[in-house]
Each structure stands twice: as structure tokens, then as C-alpha cells.
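Both complexes shown next keep chain A, but they swap its partner, so chain B is in the first and chain C is in the second.
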Partner chain A sequence: MTALPTLPAAPDAPAAQDAPARRSHGGRVEPVHYLFLVPTLVVFTAFVVVPALIGIFYSLTDYVGFGEWSFLGVRNYAALFSDPRILESYGFTLGFALVTVVVAQVVALALAVALTRRIRFATTLRTVFVIPMVVAGIVVAYVFNFLFSNSLPALATAVGFGPLEESILGNPDLAWLSIVIVSAWQTIPGALLVYTAGLTSVPNELYEASALDGASPWRQFRSITLPLVAGFVLINTILGVKGYLGVYDVIVGLTGGGPGTATSSVAMTIFGGFTGGDYAYQMANATVFLLVTALISVAQIVATRGRAVRL
Partner chain B sequence: MTTVETPLRRRRGLHRTNRLLTVLLALATLTVLAPLYVTVSMAFKTSEQSADGNAFSLPAPLNPASFAEAWQLTRFPVAFGVSVGVAALAVLLTLLLSSLAAYAIARNWAHRFFRWSMIYLLVALFLPFPVVALPQIQLTALTGLDNPVGVGILHAMFQLSFSVLLYTAYLRSIPIELEESARIDGASTPQIFWRIVLPLLGPMNATVGIFAFLASWNDFMMPSLITSDPALQTLPVVQNIFQSQFGTDYNVAFASYLMAMAPTIVVYLLAQRWVISGVTQGAVKH
Partner chain C sequence: MSSHVRPGLSRRSFLAGSAALLALGAAGCAPSSRAAGGVTLRFYEQKQEVVAYFDELLRRFERERPGIAVVHDSTVAIAPQFVRNEPADVGCFNDNLELARYVERGVLGDLSDLPSARTVRTDIGELTDQYATYPGRTSVLPYSLAAAGVIYNKRIFADHDLPVPATWSQFVDVCEELRRAGITPVYATDRDTWTLWQGLFDYSVGSLVAPGEFFRRLTEQGTDVGPDSPVSFEKDFAVPMERARTISTYFNEDHAVRAYADGNLAFGRGEAAMYLQGPWALSQIALVDPDLEIGTFPLPVSEDPDDRQVRVNIDLGLWIPTASTHQEEARELVEFLMRPDVINAYNADNLAYSTLQDAPPQQDERLAGLQEYVDRAAFYQGAGTFVPTSIPLGNYLQEAIRSGDFESMLRTLDADWRRLAGREATV
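And then the complex of A and B:
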């Protein structure tokens, strides 16, 4: 599972509540509390932060993964911006993330709204919709690979629909669609559960009162449902986009980045640096990728700040 | 509810079940069920039938032999064992490290060191694995961790931010008085953590554990890049043999996919109420 679907209250929430009373140095810290925290900080630093710093360091050199190296300054970075292969991978990855997050969120919200209405077998239906969450993306991609390359063309030929008679996986203009479909298929359940949780917290009286006032279902959705689940939309979108930007497993299982380099994500290009001899260059790419991911996350938080309504 | 409201509601259909919507949703489940059906039916076909291109036909005759072949080709018991080991290590490390860290942070929020530690750990929430992959491949090789143990540790590391976040939010809802009364009775802080706090964290342990398990069990990227010995690969990674050598034996490939997918699906269906409430817990914890 690449995209984790949930996130609790804002990380700075504890500060907001405790802040006025005891901001800086309230009380004595029991030494054993350091013992609880410091080992985690140490392994986290060793396994995540140090590799990140090493990578950023080498991005300023001509290191090839082994042997000697010398400083290049920002030449790797300058080269990135005129490398069509790199620009293409960013174009593909950003476009893919944008399309997939919209598709997945719209479908998940629609399903959640439908599942929280008065329908029969609601629990059973929800159980089925959540299944994709528990299976490995790579295996799902292999299954869909077969469907896209064998069953879909067979079906299209049978009904005489020309454009789909050839596998879409081999079509440079359509292959990306297969990745959107499988990624959305896999990540909709997580978003669906978050929305369902959000929707069940909306009291029914609100809908009943607005129905009495003559509000149409669409008006109810726009004026009641949407503002109340806005916070959940934010959570889903941030974590969804982060997951989609790092897309890898699904592409490996569907297209391997092809045809040509039509569906090569940034992650795939970076991993190529380990075998391709351009280690330092791909570390510069990875550093830019980190900045892009962080910027997009921050932009999302800023853009949606204060839009959510709480009852 | 007043008597005036009731007929109004009924007229607007607010109290009736929506049949059309039920039917539409049932149809929509086909998007989930059809690929699963294809996986099962393909797995039971003969090689000849599996090559005819009709994925949706029923297997005729029923051929269960593909499972034995897939079992051997993927060395299923080994791959399954490695997957179990990696996921168990990832889940245990995640639960232990993040609950201890979150407890220390939540109880010492007034101290700058603990607040900043939280922010430090949260950095990884926005750090995609590909960014640090190349140095990590080198470092794990250098330290002898280019194996399932290293993969388990890395899975736990990328789960930390999210889990600490969940735990700290939850810890704030646990009254500190319980701990204080235990302290008056002479319990030490580690004792309080093990005997009082950890049991109280029960629901959140389940949530954190489910997320850590699913992320680790289903991952392809990290084991395929970090583990250098192909004989020690996890269940999702070994499925790649069907992409090359055995390209046409779709029945064997699908038998293997089914064996890779079935464990989590079966566990989920048996414990779905529990899994869904666990996952949802992570969403509504304000």
C-alpha cells in the first residue's frame, strides 16, 4: 500500500491547547522519558535522515556509486532542467498524480455518500469495496496487465470497437490510463473509509431539516456534506498525492515505464541511477523530487486551510 | 420525532431504503469482484484454455494442478516465510518504537526537546522512499542489512511518523490521573507504561499495527531494491518470475497470484469488522 489514507488532527494540535499554560520549561523531565524517545530518534536518524543527507551531499559531486569523486557544485541540478527524459518523467508523474487524486477522491466520496444512505446490504457492499486495500499493488497490476493486454482487446474486437483492439499498454498515448485505473482501484478503499467515518458524524437531522426547507439532494451535498467533510478531503488528498507522486509498483506490473519512456515515473528514473552510472545526477533528481513533494504538500495545506467546517 | 414530521418524511422517501442506489452499488462492486473472479477462474484452467484469451470463461475442465507448479516455481513456503518475518519485524518495531516515543512526547509536550523531536519525526511524512533509496541501498549493503531484516527495519522507519502522530493524538485522550494514582502506589515509569498505558492504547495499537502490516506485507519497492539475495525475496516480489520465463502459462501465473492475494483477503473477510474499525479509528481521531 503506497498511500496511507488517514491522518489525525493537525500535528500542532497539542501545542495549541497546552501552549498558554506551560509553554517553555514546565516541570522536570523524568530521565526515563529520554530513554523512551532517544532510541527512536537514533534509528530514525541512522536509517532515514543520514541517507537523505548523504544523497544530498553526493548530488553536488560526480560520484558514480563507488570509487573516487570530485565536487561539481550545482552542475547536476543545472543539467536536470535541460534533460528531456527528466522533464518528461516529472510531467508524467505530476499529471498522473493530479488525474488519479481527482478520480479516486470523486469516486470514493460518491461511494461513501451512497453507502451512508438508506440502502440494503450496506455492510456487505462496504466489505467488498474495501478488498483492494488489502492486496499487493504489484500483484493487482499483474492481473490487470493480463486484462488490459488480452481481455480488453478481445472484447473490443468482438464488438468492433477499433481504438481498443490493440492493448492500451502498448499505446504511448493511452498506457498512462491503465496506471490511473489500477492506482485508483487500489487507493479508493482507504479514502472511502475516511469519508464514511466523516459522513456518519453528520447528524441526520441536518439533512431532514434542509429537506423540509426544500433543498435538492445536490444542494444538500454542496451545502451540508461537502463543507463538513472538507477536512477529510484535505487529509485524503495530501496523503493520496504523496503516494501517487512516488508511484512505482503499479507501473512495474503494468508497463515497466513504457512503451519507450511514456510512463516512466520520477521514482523509476531515480532507481535507474543505481545501474545507469549516473548516481550523483539521480541524487540531484531525488533532491528536487523531495522539494517538489514537500512544496505540493505545503501548498495543499495552505490552500485548504480554514475551509473545513466542524460541528 | 413528532407526528407531523413522519408523513412528510415518508413522502420524501427519507425512511425507505433506496432500491435503485442498492442496485447501482451492487453493480459497482463488479469493478472489484471481476478482477478477483478472473484470478480465481484463470488459476483453475488448463494451459490450453488459459491461452485462449477469454478471461471470463469458467474453467473447463477444472485443473487444480497449476497450484502445485506455482508453489514450486515461486518456492512459496520460503517466500511466504520471508514475508511473514519481514511484516512481523516491521509491525513489532513500529508498535514498540512509536508507542514509547509518542508517550514520552505526549507527557513532556511542555519541553522544547520533545516538541522538536515530534517535528523531526514528522519530516518523514513528506519523504517519499525513492528520495533516499539510492543511499539506503548502499548503506544496507555496507552494514550487512541488504536482507529481509533490513527491509523490516526500513518498513518500520517509514511507518514511524504516521504512527507517532496517531499515538500522540490518542494519548492526549487518556486521563493522566490513572498514571498518577499508580505512581502513588509505587509503580515506576516503565511499569506504568507496560501495565497501564500500553493496555489503554489497545485500539490504537490495532490501528497502527494494521497499517504497518498492510504497508509491509504488500510492498514491492523496498524488498526488490534492498534484498540482494533473490532466494530471500518476499511473496509480492517473487511473482515477477511470471513476467519473463513462464510468459504463456497464465494458469500457473494466476494460481501464484491467487496464493499471494488470498492470505490477506481471507484474514480481512474473517476480521473485517475489526479491520475496518481499526482503519477508521485512524481517521476520526481528532
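And then the complex of A and C:
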């Protein structure tokens, strides 16, 4: 179906370092450790790898999901690259993922920094901020749908703010903003939790020492906090981008891909193929999308490799 | 899955196993234990509004025909059962492009030799052929015909002395007068894009261009679709879309952000004079105001009153997959459902029309305005139903209504159609 979750091992994860040490220490790995991998490997192979390979095979045919089919070679792929709707959906999805990941990370990091300071009600606020994470995406989307369609325009009319008197969901130039807002709102808690964990691991002595040296809070953030949580930024960004690229339920609940086709994501066009009898063609689309997603993840890792500072 | 209890089985695991089997049985996956010694059929019908109704019918069938048990499968998606090659023994499904895929590939058996097949109105039977045929077979028996037109608020029309329009210019006059009186002429719900093609698009096209014929010729042309080809969206739908554009100027102001449920609510509250919806909306509107006086008429789009036709669709059709291992029993069930007392009662009770010759008219007042058109087969299947879902017609309409530029939409449709034909994508 949609892209596989390509979860790269974070390059600076502790396990990666400890493993060689343990190996040299014990001579060889306990065979039972391999045994632990078996259930995951079996399930992953049976339910992810095999279906994906079958799907990739059918993307080379005119299969509709049942009955007979014939082999087409790469014709589906050739058609894909000349289909303006497909290209448009890639443009939208990539742009959306880029904007949303930036918005979500900036807000989440800012909130995390604020919440790890000794402010009042930090615990209560942390709980409140996490709520969006536990609500299903489609529910969130429908609630926001109501806010954007009714409440916001009513509010704008009441205060006489022209641009928002018409719902942004009906405006092809602005509808994407609603999806960014809801997606970010929904994913910020997860990133926030990771950043909170990251920030608490930064020793307080560093801040005290830098304060003695006369560093401003901004300078502390730039020279201490940011380098030390860079690894967490990487993890959050990769996970975030991966999630945003597969955006589906939020769009279904908010705009249905409209107005027109202004907010049709790749996942939506792929899914449309299953109900529309366009199975093989959209399978080709899914295969391309899988490659694109994998490439982006690899590019992110390469680009940020070695940037994280370790103490 | 085996249901045998091995001697060594502990009580707890036996209980757990039984519970699991019960759950499976309830989900319709393990029907083998029903009618002992008899045959168990799986009947597929997923139209939510009538699931309970068909349950009743199936129980009645079981009483009348001991030895056959019927399990009602109401899962939403039709494809998985064919993908697994385990289709239901009898299907009862909306006849549309989706069902056409199965017809075309010959996985639905021939029903032409059933006695009831000869009792179906031929002009309705022919409708199923517009989507797909399989050589030498009657793959689908039409069971229920739904007719749709313009739903109007009789009270508003009477208060302003407005006639039911019979020509396009009369329709525009009615809209103008309503607007002058400060009443929303037509309520539209752009957010649910299906409502756009079902109403605005299909009604504007149907009485001017015969959709079945148009799409047959369009398909024959293959990739040769454009302004210079014998038929094309750009050429043949130009006038209908001019109509659609005009109608869209009479929509409620917030049409862009309104959804189907909003529409039913607003119309039920008398906030608009007309509503381009099918009979399915009537029960929803009745929830808002059961006493609202409602009428229906076919949308006139030309100056000749005789051109008017209603939009119909075969809301339910019966079929038996060739893969069913209980062909004889499946046929018995189909014959039971097609019995005049059963099929006519179903349609009378569900705001639809029986497909049998000499069927009684639909008694519901609200649909009276469409009856004569159904009777003399002055109907068409909506143009939008011939457009594969891989072309997002509803979304295109949304954009066209917003910009008022229906011509580019028609050019896009031609281009999309060319591309589909080019990679030989079937419906």
C-alpha cells in the first residue's frame, strides 16, 4: 500500500556503540539474541515485505485485483510521469511535508524548552499539550473542519476581519494551510515528548557555567541546547517527514482533496486506485512513492550525520 | 479452522476456542455450522438503510425453504471477496462502474434462463448493459430503480406563485424570482463532491446528451478524444455545462463549505426552495421536518418540455458469481427475491421503483412528479456514473463552480480520458 516505514537506526544511538564493545568482550554474540529477532522478522516479512513485493510485481501488469492480467512492463510507470494529477499530488505532498515539519519542530522545541524551565503548572501544561496525540486523526480533522467552516468565519465576521470571513477550506490557495495547522497540532505532542526527554538529559552545570561567563539565554540555546538535542531533532524530523508524506486521514476529514484537486496527497491518489479499479497503476505510484520516501530519509540522515554533539 | 475438540484440550482453551468460533460465526466467516445437513448461502447486501429489511426477507426465505440457511454479508467493500476468490453466493449491489468490472471479466454467471428474468422491464434491463456486458449473458437482474430530480419546497413555490418549470427559461425565471424574494433558489453542498456530479452535472447533461450513448462512442474512439473527435466532453458537454454554470450562480452563498448533511438540514428547515438530490435525501429531510411539503420534478435544460427526463440508477441488482458452489440454491433465493409480492413491496417501501413489468406506481407523494417519466422510460443514467473514479470529476466540478470556468474542466476531462485510454485502464 503506502510507503514502508523506513526507520533508520539513529547513527548515534547508544546501541550502535555498545554492540562492538560487547562483542569483543564476550567473544561472540549469544545465539539466543538472534532468536529474539525471529518473531519480528517473520511478521515483518510476511506482512510487509512479501505484500510489498507482490504489489511491486503487479505494478508491471494490468491487474485489477482479481481475475486475469497481462504483463505490461514499465508502461504504468511511463504513464505515471506524464500524468499531471500525479505530479501535482507529489508537489503538494512534498511541499506540505516540508512546511509542516518545520512548523511542528520549531513549535515543539520552543514548547519543550519552556516546559523544562521551572515555570508554574509545567506538569499540567505538559499533560494538556499531549492530548492531541491520543485523539484519532480523522476525529481531529472533523472537529477542525467544523471550526474552519463555521466558527472561524463567524468569528472573523464578528470582528470584521475580511480575509477569513470565507472559510479557508473553500479557498484553493489557502486550504493547504488548514492541513498544515491540523497535522502540526496533532504531531507536536509526540515531538514535544522527545524534546523534553532530550532537554532533561542536558546537564544543568553547562547552563550555570555559561551563565557565569555571561551568556545570554539565546546564546545558551544556540551553543548548548541546540547542539546537544541535535540528535533528537534528527529523529523527530525523519519520523515527522515520513508521517507527513503519508498524509491521508486529516485531508479526508478536512477538504477531501479539494477544492478542486488542490490538496490531493499522494496517499489519496494511491488509495483512489483501489476503489477505482486502477490497482496496478496506483501500485506503480506506490512503488515510486516508496522510493521517494526512502530517498528522502536517507538524504536526511546523510545531511545531518555527525552534526550532533556528544558529551 | 477446525472446530473439532481434541480430547487433550483443556477446558479454558476450549472455551476460548468456542468464543473465537462464535465471533467468527457472527462475522459471517464460519457459516458451515448453520442449517445442519442443509446448505448455507452467503447473501451480500451492504446498502445500510435496508440491511434490516433484507434480514427480514432472508428469514422469510429460510422459513419458506427449509434446508437453506442464509447468512447476510454486509461488509462495505465488494472487492476483497472477489480478490480472495470467495464471492458471496448471491449479490445485491448498486449497478455501477464498479460492478461492471466483474461483469466484464465474466465472474458473474448468466441469469437469462431464470423465469423471473423475463418479467423484468426490458428498458430497465438495458440500462445495466450501458456499463458493461459479457457476451451471451444476463449478468445482473435489476432489482430496484431509483429516480432523482429536483426536490422542491411546495410551500415556498405556492407562497410566491411559482409554477413547476417545464423549460430552461422558466427554470431561470423561477430562480430569479426566488432570489428577488430573498430566498436561496438552489441549495448546494460542494464539500461532498459526489453531490455535485450526482446533481448539478448529471441533471444538466442527461436531458441534452444521452449519457449511455455518449460514453459508448467515447470509449470506441480510444485515445482519439479531443475537440476534433466525433464526440468529446469539450464539444458535447459545452451546452450542458453552460446550464450548470448558470445554475451554480443560484446556489446558497456558503455552498463551497457545506456538506450533504448540512444540505438536508437546511432544506428541511425551509432555507432553500430547491435541492438537486435523489430520493435517499428524503428520509434525511423528514428527520428535520416530517411535515414539510415536498415535490419533485425533472430539471428542464432545454426549451422543449418533451426533452425532460429523470436521472435513474439501478440502486440494487441481483447477481450470482460463477464461483458460487451452490448455484441451484442461489437461484432459488434470487427467484424468491424477484417474486412480484417481494420485489414490489421492497420498492414501494423504500422510495424506489420495481423493475418488473406492470409494477404498481410508487405511492409516495413526494416522488409523484417523477412517476410518468419512469413509466415511459424517459430516463437516463447519470453521466457522472460513467466516469471512472480515477478521474476526480467531483473535485473538478468544485473548482469549476468556484471559478466559473467549466470549459477548462471539460478540456481536463478530455485529457484525462485520453490518458486513461492510452494506458488501457479499464473502468
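The rule we apply is simple: the second predicted complex is superposed on the first by the 268 of 311 C-alpha atoms of A that agree within 3 Å, B and C clash if a C-alpha of one lies under 4 Å from a C-alpha of the other, contacts with A are read in each partner's own complex, and residues count from 1 in each chain.
Basically, a contact is a pair of C-beta atoms (placed from the backbone, for glycine too) under 8 Å apart; a residue touches a chain by one contact, two chains touch by 3 or more.
For clarity, every value in this text was computed on a predicted model and none was experimentally measured.
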Chain B versus chain C, judged by how many residues of chain A each one touches: B
Which superposed partner A:V29 touches (first chain B, second chain C, both, neither): first
Which of chain B and chain C A:Y77 touches, first, second, both or neither: neither
First (chain B), second (chain C), both or neither touched by A:G65: both
Chain B versus chain C as contact partner of A:G273, first or second or both or neither: both
First (chain B), second (chain C), both or neither touched by A:F121: first
Chain B versus chain C as contact partner of A:F221, first or second or both or neither: neither
Which superposed partner A:S264 touches (first chain B, second chain C, both, neither): second
Shared chain A contacts, counted only where both chain B and chain C touch the same residue: 65, 273-274
For the chain B and chain A complex, residues of the former touching the latter: 5, 8-9, 12, 14-19, 21-22, 24-26, 28-29, 31-33, 35-36, 38-39, 42, 53-56, 97-98, 100-101, 103-115, 117-139, 153-154, 157-158, 160, 162, 164-166, 168-170, 172, 188-190, 193, 211, 214-215, 217-221, 225, 235-237, 239-240, 242-243, 250, 253-254, 257, 260-261, 264-265, 267-269, 272, 275-276, 279-280, 282-286
Sites on chain A touched by chain C in the complex: 62, 64-68, 75-76, 79, 82-85, 148-149, 153, 166-167, 169-170, 172, 256-262, 264, 272-278, 281
Complex contacts: residues of chain A adjacent to chain B: 1, 4-9, 11, 13-15, 18, 22-27, 29-30, 32-34, 36-37, 39-41, 43-44, 47-52, 54-55, 58, 65, 111, 114-115, 117-121, 125-140, 142-144, 146-147, 150-151, 154, 185, 190, 193-194, 196-198, 201, 207-208, 211-212, 232, 235, 242, 245-246, 248-249, 252, 266-267, 270-271, 273-274, 279, 282-283, 286-287, 289-290, 293-294, 297
Chain A partner contacts - residues on chain C that touch it in the complex: 77, 79, 82-83, 85, 97-98, 101, 105, 107, 190-193, 254, 256-258, 388-390, 392, 395-396, 398-399, 402, 415-416, 419, 422-427
